[in-house]
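Listed below are the structures to be examined.
Here come two complexes built around subunit A, the first alongside subunit B, the second alongside subunit C.
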Partner chain A sequence: MKKFINDPADVVTEALAGLAAAHPDLRVDTAEQYVARADAPRPGKVALVSGGGSGHEPLHGGFVGAGMLDAACPGEVFTSPVPDQILAATKAVDGGAGVVHVVKNYTGDVMNFQLAAELAADEGIAVETVLVDDDVAVENSTWTAGRRGTGATLLVEKIAGALAEEGGKLGEVAAIGREVNAASASFAYALTAGTTPAAGRPGFELPDDEIEAGVGIHGEPGRRRERLRPARELVRSALDVILEAQPLDRGERVIVLVNGLGGTPLIELYLIYGEVATVLAERGVEISRRLVGNYVTSLDMAGMSITVTRVTDEMIRLWDAPVRTPGLRWGA
Partner chain B sequence: MDVALATAWLRAAAGSVTAEADLLTRLDAAIGDGDHGVNMRRGFTAVVTVLDGTEFTAVGDVFVRAGATLISKVGGASGPLYGSAFRAFGKALPPGARADLPGLAGALHAGLEAVRKLGGAQPGDKTMVDAYQPALTAFEEAVAGGAALPEAAAGAARAAGDGARATTSLTARKGRASYLGERSAGHQDPGATSTWLIFQALADVTAP
Partner chain C sequence: MKKFINDPADVVTEALAGLAAAHPDLRVDTAEQYVARADAPRPGKVALVSGGGSGHEPLHGGFVGAGMLDAACPGEVFTSPVPDQILAATKAVDGGAGVVHVVKNYTGDVMNFQLAAELAADEGIAVETVLVDDDVAVENSTWTAGRRGTGATLLVEKIAGALAEEGGKLGEVAAIGREVNAASASFAYALTAGTTPAAGRPGFELPDDEIEAGVGIHGEPGRRRERLRPARELVRSALDVILEAQPLDRGERVIVLVNGLGGTPLIELYLIYGEVATVLAERGVEISRRLVGNYVTSLDMAGMSITVTRVTDEMIRLWDAPVRTPGLRWGA
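Then we have the complex of A and B:
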């Protein structure tokens, strides 16, 4: 393992300290381990709190700021945050209008956020949970922990965050978050596994000519191994799975996220976006907005995910609303 | 079981998950995300710190505090699951400085119920339940048959070990390993393995 670290045990804390130093408009509590907007709590505003294992940067800490999250709780690498941490963040940003927890559907995240929401309720804070489960690579979801939360998390946090910023009520903010999730489908490929600082070796080994199809963002292997094929074919296969789970009629509009998993250069991500645009154009689907880059990563995994979200006028309006965070910034 | 034995068990469990952290991590890397050993070591190290700094009068409190510490320190699914198990175990123990064998059996049952309620796992889902359930059954049968604690604990540890090894052929239906479907078969479940280590620790500290 070669990484720019000091001690594997200190990576999360030291990265948080660096985030704090780089972004004075964030308040980073290194003792309680959360990142919050410096101007939180904002009285009367619904607050959004998310979190999950570290290693997915800029998710979630990089999406804290005006128009998106009020706080994020980073756990250890690939490990969900603990209830104390989530409760501390929830209390720190509650402005009296309630708090929305945006939770990716992993067993650990769900349990820890559930325990935190119960503790917050005991203290009189109204919490609504939006569960994100867009990864359609997961089959037979009745026999598994269910579809995983991946790229759509960014869209949920952006669109729900925008509604909260303009004064949406707790139920409305949670509802649009759930709508965005329900309208989203994602599929990922890995060329290599990521290496956690603690383990020091890749999560799995792939021969030079093989890829992992349907990989998750924690280095968990996907649904099957395949031969590496041209990007054109991989994109078509991914979109076949996505559009089977999320059928789109001609003339429907979508937001597309072509997301790098940390170790894939932008030149390849743009090539992939071009293929996605070609396929969707053939199908008569209009790409209203798009985002290409490394947003929901898996440490240094070489790989990419495609997220397609069917959108309404309202969702596009909220997507375009100003956002000012380390990871996403426009109009502000 | 008194406070001294309770703390000795948890210290032995801490030593065991620390010594076997690499094994747990390796098992987890095969079908999960490769952090089970690190997380369990972090959690149980914190438990030992709490034990070092606290005087207990009630035996149940030892486990309630240990459980709360695991919930606060471990993260992932294993933090809430093990934390809830120890908390429920401690709360179900009879009040006072000592717990008798039927009290321990009842508390073990309460711990398993907490795990099943939170995680929703059934026996055969390739989880810690597959070690815990047979260990509980063996413990209850030994107690019903008039065995003393060392014998009951040894039987529970053997059954937990058999249960953990038997997870190898199972297909995971809960947790991150479930995403692998049939590819999860052929690997021993890391959670069942750490549960075995904890039962083995009880057998070790009670062995004559």
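Then we have the complex of A and C:
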């Protein structure tokens, strides 16, 4: 294994120290292991807290800041954060208006966020949970009952975060987060596996001419292994799956995320976006907004995912609202 | 080779089509092969034009927009843009106040930008050239007489671009670009080589426990191959080289860029930034601003570079000015 690390056991802690040094407008609690806005808690504002295993950066720590998350709880690499950690973050950012937990649908994450929510309730903090399960490649998976949560997490955090920033109430913020998730579908391909610092070798092996279609962001198996095909064919196949799960009529509007899984160069992601735009144009679907880059990654996995979210005027308005985080920033 | 492409010969053209589809505020001329601000030319504004081989995205096309470049000329992967292409871009964005060419120091780039500048002069366009040669790993290299141009290109484009945006004159914009370059030093490590679509295999081979110290952004050899060491030791060695080339007194201020070369996960880049911050704090150097991410890449190379730029109040002010490009955006 070749990585820029010291001891594999210290990767998450040391990366958090770097994040803290790089972003003075974040507050990193290295003891409790969470990242919060430096100005949290904001009295009267609904707070958003997310988290999950590390290795998906910039998700979630890189999405903490004005207009998005109030706090993020990074677990060890590909490992759920623990309930005490989530509780500490929840208490740290609660401004009295309640807290929304944004939880990707993995069994450990769901269980630990639920425990934390119950503990928070015991302390008088109202918590609503938004479960993200947008990955339509498979039902159930290695660490998941039901669909996995992947790229749509970014959209949920951005759009619900914007509503919270402008004064939305707890129920409203949770509701729009759930709407965004319900309106989203994602599908990913892997060309290679990522390598965790602890394991020191790729999570799976793929022959030189094969890809994993429907891979998860921890390297979970997808639908099948298949021969590598030209990008335009892969994009068509992915969109067939996405649009079967989430049918779109002509004239409907979407936000598209073409997301790199960490080891795929941006030049390929733009090429893929061009193919996505071509296919959706043929189907009469209007891409209102789009994002191309590495946002929900799987360490150094060469791969990409496509997320399509059917949007309303209100979602577009909230998408366009200012956001100021390390990983996503505009209008501020 | 596993890549998300169609025909290797079409990668740059198709990625440009995707860039155009993704960013309506850019104008992509696919015939002449350049990317320009949609609102160019802006009468009376000094225009900035850069370019170079593709494969370093978001550099340069991703840095076109308000507050940074007016146009970028992407060559084929790792191949210089041609003079006609540079001339076309220069003419397209000239607003009558002259054009600054930002050129990374590679022989082909230098020659082709020079030819284009002469052709532009024949047509009555005043061109100043800012040569970027910040990579202090080696004097002369595979495709370079003198030092190579790498990470400092981003700082030159951002800071000179901000001055042009606020009405700086041709000589002033070029002068501050040269000052930023002169105040910058960079050093890179590779863990693996990148793979160009045309070659289909990594540009060089490294044993499982070796790294290339001082690697170039096209995989050019550096100072030596050495055993992989802990990140904190690599950072110290890199900063020793950087600070020998660019001595800094206690109390001096810098902008630091910790840049991924494409295949290195963000979690490692933040860990590295933490080490950089520690070493510079020991030396009494103040990091006024910093940037951590994949900005000047080498396709899917696992690796990173560190750039340190000694800055003045004026440079910090221009760094903080609004920028709105696909690859760098704040305050707008």
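In this section, the second predicted complex is superposed on the first by the 326 of 332 C-alpha atoms of A that agree within 3 Å, B and C clash if a C-alpha of one lies under 4 Å from a C-alpha of the other, contacts with A are read in each partner's own complex, and residues count from 1 in each chain.
What we mean here is this: contacts are C-beta pairs under 8 Å (C-beta built on N, C-alpha and C of every residue); 3 or more make two chains touch, one makes a residue touch a chain.
This is a predicted model, so every value here is computed, not measured.
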Inset, instruction - Applying the touch criterion given at the start, work out whether A:L299 contacts subunit B, subunit C, both or neither, answering first, second, both or neither. - result: second
Inset, instruction - Based on the superposed arrangement, let me know which partner A:G216 touches: subunit B (first), subunit C (second), both, or neither? - result: first
Legend entry - subunit B versus subunit C as contact partner of A:I272, first or second or both or neither: second
Inset, instruction - Examine A:L115 and indicate which partner it touches, taking first as subunit B and second as subunit C; both and neither are also allowed. - result: first
Inset, instruction - Based on the superposed arrangement, let me know which partner A:A71 touches: subunit B (first), subunit C (second), both, or neither? - result: neither
Inset, instruction - Please work out whether A:L163 is in contact with subunit B alone, subunit C alone, both, or neither, and reply first, second, both or neither. - result: neither
Legend entry - Which partner, subunit B or subunit C, touches more subunit A residues: C
Legend entry - Which superposed partner A:V241 touches (first subunit B, second subunit C, both, neither): neither
Legend entry - Overlap of subunit C and subunit B interfaces on subunit A (superposed complexes): 77
Inset, instruction - Using the touch definition up top, name the residues of subunit A that touch subunit B in the complex. - result: 53, 75-84, 106-108, 111-112, 115, 138-140, 143-145, 148, 196, 198-199, 203-204, 216, 218-223
Inset, instruction - In the complex, go through subunit C and note every residue touching subunit A. - result: 2-7, 11-12, 14-22, 54-55, 57-58, 62, 77, 189, 191-192, 194, 208-209, 211, 228, 230-232, 234, 262-275, 277, 290, 292, 294, 297, 299-300, 302, 304, 324, 326, 329-332
Legend entry - Partner subunit A, residues of subunit B touching it in the complex: 25, 29, 32-35, 38-39, 42, 71-81, 118-119, 172-176, 178-181, 183
